[in-house]
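Two complexes are shown next, each including chain A; its partner changes from chain B in the first to chain C in the second.
Our next item is the complex of A and B:
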């Protein structure tokens, strides 16, 4: 595994607002990443910086060994259809499907045609008249069919119905298995994609607050529930991410437990359950809001 | 990590291919760039012809040639090329950037697309002017394409002059389009204000120094063949300014 993206000290300011604030990370070849965070956290800005569409205020970016800005050899290995991607106003879906392939050396026309049919995209319909879900599907088709070695999906689920979401999920997994590449899924709908993700980056208020293997992150906390007094006693002295309770019952999300600690909890009559990625991230971003570092 | 590989990997698509795809982007749906202006030109021509018919019907062909030789109807195609260039850039820039085109390749492809349109229009106007002369002004002594602005040096020089003037309007459009993409409405407003300021300043300087005679003599000495190529200077300046503006443009605008 080698790093195909390296960012260090990456910062983008708009006036006094730091949309991306001193972010450093690497992306490795052939993995599926989740770029997670709330609306306006800086996800799209970060991807725009990595694809040379925005200019960094400071910091370094290296993508496939070069700087992305105005670098054709880097850019044609990257696909990033932003959620708010603008298409020419007078284009129909067919015009997009005719012109997009010129920009990606790895474009698979048969795959694209297959996807257009599967997503039921009306080829003769003007782009302007598409529903939000259909517009997302156009971006998904370009992202998948481009077979770019580094593919970003920006909020791919926006407006997609359940069938289309499942379709995207299945096609992405099948195609990545056959044609390995690095995929970054940017979304605030964490539960929808959490099963896909191998590595998670969480950005909040422009800062990178989590850069972790997905499995490791899921194991990094556990929910302990039972009688309030027992839970309180167990949680005392531990890092508690979240507390909940009704009447005499309570639950607490605590940091990773060792096997001995798990046994201790079980002996005290407490129940242990895993935390979903979504809950974990909600709590982590919640914490940073309350306690700005 | 600042050590960028000394042997930077070559792009799979050649520079010509990258510029070519930006060029083709403007013709994927040729409604705005080709069919609309052709349609409008046809309507303008038809309206002119009907008016000539009425005039000739009322008073005969006497005076038609003099009366219509200053026809400004074709000025539409020049202004329209400017508008087309602005529209083409505002329509496709974000799309091209989203597909991973560099701003440089996009601009070069767009410049070529505008130059091709200028050439196409020059040939069309030149051909129609030749027909106009051969048919004695479409049978009515009218003038629309063979107007006095492009001289009497013959059909081929006329195509050349029309092309040069077209190119200037196209370059002004590219510059305005790039300013629009970079700074939105503010950019394009500033462009037209600056253009008006330059024109007024030139007129003021000539007028205040009583220079009209000298200007007339200068261009008179050059003739059409010497004057039209001078348009390449403002054309090149506008084109270069457009590139400078576009180089810093982002999808946010």
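Our next item is the complex of A and C:
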């Protein structure tokens, strides 16, 4: 596997606000990434920088060995599906599908037609008249059928119903298996996509706080619950991500436990329960809010 | 898939279960990584890691260009492994819960025998 994106010390300031703050990471070929974080965390700004749609205030970006800004040889390999994509006035769905190949050398018209049908998109309808979900579906079709070696989906599911979301996940997995490429899914609906992801980047307040294998992250924290005094004794000296309590009962979210530690907790009468990726990220982004260090 | 446990381990266990139940007989071909990924809606690399775990253990073997197959003797080896783990995974928690509820080992044994 080789890195197709390298960012180092990447920063974007709007006045005094650092929307992206000294971020460094790499994206490797053929993987599905999750770019996760709260609203306003800097996800869209980061993707705009990587696709040459914004200028970095400082730092370096390399995409397919070049700088993305105004660089056609890089940009034709990149597909960025924006949450609020604008299309020319009077464009109909069919116009969008017909003009897409101008931008993407890998465009597969037959696949696009198949997807338009699967998502039940009305081809003759003006884009302006589409519902929010249909507009999202247009983006999903373009992102998939462009088969770009690097594809960004920014909140692709807005307004999509459950059937359409499943369709998106199924088509994405099937097509990526057949035509391997790098996909970045940016979302705050973490539970739904967590099993699709191989690697997770979490951005909070412009800073990259997690850059980790999804499988490593899964099970990296455990909730220990039981009598308050027992929980406190067990949690003492450990990093505690979160605490909850009611009456004499308490629970603490702590970092991954070894088998011996699990046995120790069980012997003390404590209950152990898993933490989902979504819960973990909520805890982590919560934490950075309270601790500005 | 369960939360909190690595998905690749769960995939490996699902395949093991199918071998133990006889759904996947020895020398039969197992589904491809991409088929597992599509069926369980998980990342293909993660599915591949689960299958790889069983190849490393010698439970599955690879035929170049064709796919993955169940090794001869895989079922017996898995059964032996599962029996070893049975005590820790099932009996120990059962005893702990029984102790918490004040059920004596004799009462527990009676329940297992089907008497009360």
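We adopt the following convention: the second predicted complex is superposed on the first by the 290 of 293 C-alpha atoms of A that agree within 3 Å, B and C clash if a C-alpha of one lies under 4 Å from a C-alpha of the other, contacts with A are read in each partner's own complex, and residues count from 1 in each chain.
The definition used in the following text is that a contact is a pair of C-beta atoms (placed from the backbone, for glycine too) under 8 Å apart; a residue touches a chain by one contact, two chains touch by 3 or more.
Small disclaimer: the values here were computed from a predicted structure and weren't measured.
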{"item": "Clash or fit (per the criteria above) of chain B with chain C on chain A", "value": "fit"}
{"item": "Partner chain in contact with A:222 - chain B first, chain C second, else both or neither", "value": "second"}
{"item": "Comparison of chain B and chain C by chain A residues contacted", "value": "B"}
{"item": "Which of chain B and chain C A:91 touches, first, second, both or neither", "value": "first"}
{"item": "Arrangement angle, chain B at one end, chain C at the other, chain A at the vertex (C-alpha, nearest 10°)", "value": "150"}
{"item": "First, second, both or neither for A:177, with chain B first and chain C second", "value": "second"}
{"item": "Contacts of A:75 with chain B and chain C, given as first, second, both or neither", "value": "first"}
{"item": "First, second, both or neither for A:54, with chain B first and chain C second", "value": "first"}
{"item": "Partner chain in contact with A:31 - chain B first, chain C second, else both or neither", "value": "second"}
{"item": "Partner chain(s) touched by A:66 [first = chain B, second = chain C, both, neither]", "value": "first"}
{"item": "First, second, both or neither for A:198, with chain B first and chain C second", "value": "second"}
{"item": "Gap in Å between nearest CA atoms once chain C and chain B share a frame through chain A", "value": "27"}
{"item": "In the complex, chain C residues that touch chain A", "value": "1-8, 34, 37-38, 40-46, 49, 93, 96, 100"}
{"item": "Chain B partner contacts - residues on chain A that touch it in the complex", "value": "6, 8, 48, 51-55, 60, 62, 64-67, 70-73, 75-76, 78-82, 85-92, 95, 98-100, 102-105, 142"}
{"item": "Chain B residues within the chain A interface of the complex", "value": "1-2, 4-5, 8-13, 15, 18, 21, 24-25, 28-29, 31-32, 91-92, 94-105, 248, 250-252"}
{"item": "Chain A to chain C touching residues, read off their complex", "value": "31-32, 169-170, 173-174, 176-178, 195-198, 214-215, 218-219, 222, 266, 269, 273-277"}
